[in-house]
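Okay, so here's the structure we're looking at.
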């Protein structure tokens, strides 16, 4: 059924349709509306057979999820940014124990400096924890991916993170097509555990594993993600059959078949990128884009196929490997192993900075002329940076950096965008 | 695509206003996108919300930098925030105020521009009259519908009814209706 | 509680009670006890925790008709009971992390409710490190929500598995690797430390109790009683650690009894935040009798005993006796 609703509410409704049995909730901007929405549904009796637990921290949230999942319940939670870091130990634990928990990440920057706006640094910080990571381009895809996520998680017994841009998607009102309960039930059968805490058949879960077996256990989790490379497109295809639309999959290409310049990005940014691609195509540029949906497992093979004939690739990243440059770029470069083409990393949108058509157009035009640095920070205020560096070279007691920069930039509230 | 930017302060329903606008467009079978831009979440801080309306799927995610219409819910922002940034000369401006453009100190800015695209509306007064609370968003949407013709009054009222519980919804509906009438008369007066 | 026949438990032998009716016998006396923590684990000789865990879990198994799931924090118990690829546990058991046993147990309990398994009960267990320190946040959260979990803390008063480091359960003057017996005030200092049973009571959860491996019957009764209650429950069990305390392995139960009899470890029960019963001290002993059996307190004794600090320990014990009315 078509609805005009807030992204987080759409996700809450979709999760509810998946018949979760245990939901743990801890508030953090910008995902809070999701768990609030689910809490209301449980309290109002709309979401039945579901235990909703208000936990005391994100660490507790993931821990409660671990217990519930290990005991055979379909389990869900959501977090962002600092919250994801706070539960980091448990995030690795869930993957290591092989528990099919589904978690929404309302992507938000990680401090310090504290920042509530969108970028991908949070989910990127957990990229090697063993979770499957899927990125949504739109609110429709965000809600669809949750349905696919439970199915994927339970088939592989591997936890899945569905990432959606904080504020940009979570707080955006958009049209979505909400599936029916019957459609979701047809796609997502009840959870049948591979391992479960059950007095009638006792097992010990979480034993110490020494050097003699640890590598094999790790290898098997890697193998699981490699299997996911096949299962993800299969599920997306099945999803299309049941629900009638494309959602998910490993990557999605846009006008890239004959493109000389291909832009790679994750999440909602792809919408703006496609607008710019269309405009530049009008002016004769041979430009296209690729949206990566499955970041873990990283789709090396399909990405290689999509990029191999281009002259250059521009990877737009909403994250930063401090001291190195790009994170997504690493994966892209790896997929192009042996293929010669120019690769550019562009760090954009950190801490929620708006990524505009105008800036992207200038950027892509520079790329077309191969006049880009290896690593570029989009819309970096060079004046502010050089002023700060100069100040630091003059004095030892410079005070907190962020405050100094903010003072120079002036009141933010009076500016647009 | 038609782009609207709404300015106000926290607590004035700026974000809900944008959301209702998007719902109104949806009810007319169109695509709409509404999203906020906030700073720290506190009452009184300047807040912006954006709405895009189109007849095909909206992919763009940047803030509305070149709005076709501006709604200003709080006139005290006029000389504090760069409100008119990106607004083309033929753009719509709807300001919540009992004062005229000259009285607001905007006379110089608006001279030379097609007058009928500019209007003020005593939305707070209408809200106080009908709802009893100084939240001008519903009234401004009624005024917006009349001024721009981009959205129909019926859709605005339906969106208001979706947003609020029944009793409060009807009060907001009344405010929106009166605003619509006021704005329609103002337009007619200018055209006449 | 047993009012008809008084038992004087001397040493470790007297667990079988042929003079008693079946219902009054201990679980451990039963040939058909579940042995939930089976033999073959890798605990040290004389480990109080292994003993306490077996006592407690077997009692819980009997009380629940063997419908029990255990959640274990990282620590000695977890490590020695599950040396890969073996496990000593004959019940469903999960180990997640060091600090989250209470939260994981909350999740397991929630799953039982939603799966309609109203008969299956959940125990979370950990050492003092995983309970009073790193697990404290999750513990308090579980208490506050009144989740249907019995949390058992096996308190050997330090982080033993990592080499005897101080925890907030370490008593004053005790030597640990991070409170070494050097300087003017050797060992742990006075004025620090956390009393988790009292904190649990402050949460007003349905049931809090302290117990000891020196009083098997009392421990079993407390666990059994706890399993009759639904909601958050906490039992704090005193378990000597021969390795960490520098005591003889065969003295584990004796030392646990001396801790009770000198007043340093009061045995009591509380319901809904109020003390409802205590086990009186049968034969009071001075703290020195307890302290001088453990090398971790050795620096208090010797040629020039640290009488000031020993006296301070005695005053602590006396305060407990007064507070809990242990000599009535």
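Of note:
Lettered A, B and C in written order, each chain numbered from 1.
One rule holds for everything that comes next: a residue touches a chain if its C-beta (ideal position, glycine included) is under 8 Å from a C-beta of that chain, and two chains touch if they have at least 3 such contacts.
A quick note: this is a predicted structure, and the numbers were derived from the prediction, not measured.
Of all the chains shown, the one with its CA centroid nearest the global CA centroid is A. Chains A-C form the pair with the most C-beta pairs in contact.
The centroid of the Cα atoms in subunit B and the matching centroid in subunit C are 66 Å apart.
Here the CA centre of subunit A is 34 Å from the CA centre of subunit B. Distance from the subunit A centre to the subunit C centre is 44 Å, each centre being the mean of its Cα atoms. Residues of subunit B that touch subunit A in their complex: 5, 15, 18-19, 22-23, 25-27, 31-37, 39, 41, 45-46, 48, 58-63, 65, 80-82, 85-86.
Residues 21-22, 24, 49-51, 53-57, 59-60, 63-73, 75, 89-90, 93, 97, 197-199, 201-210, 213 of subunit A are the ones that touch subunit C when the two sit in their complex.
On subunit A, the positions that touch subunit B within their shared complex are 2, 4, 6, 29, 167-168, 171-175, 268-272, 274-275, 354-358, 412-417.
Listed in rising order, the residues of subunit C touching subunit A in the complex are 66-69, 71-72, 78-79, 82-85, 87, 89-97, 99-100, 103-115, 120, 137-138, 140-141, 144-145, 147.
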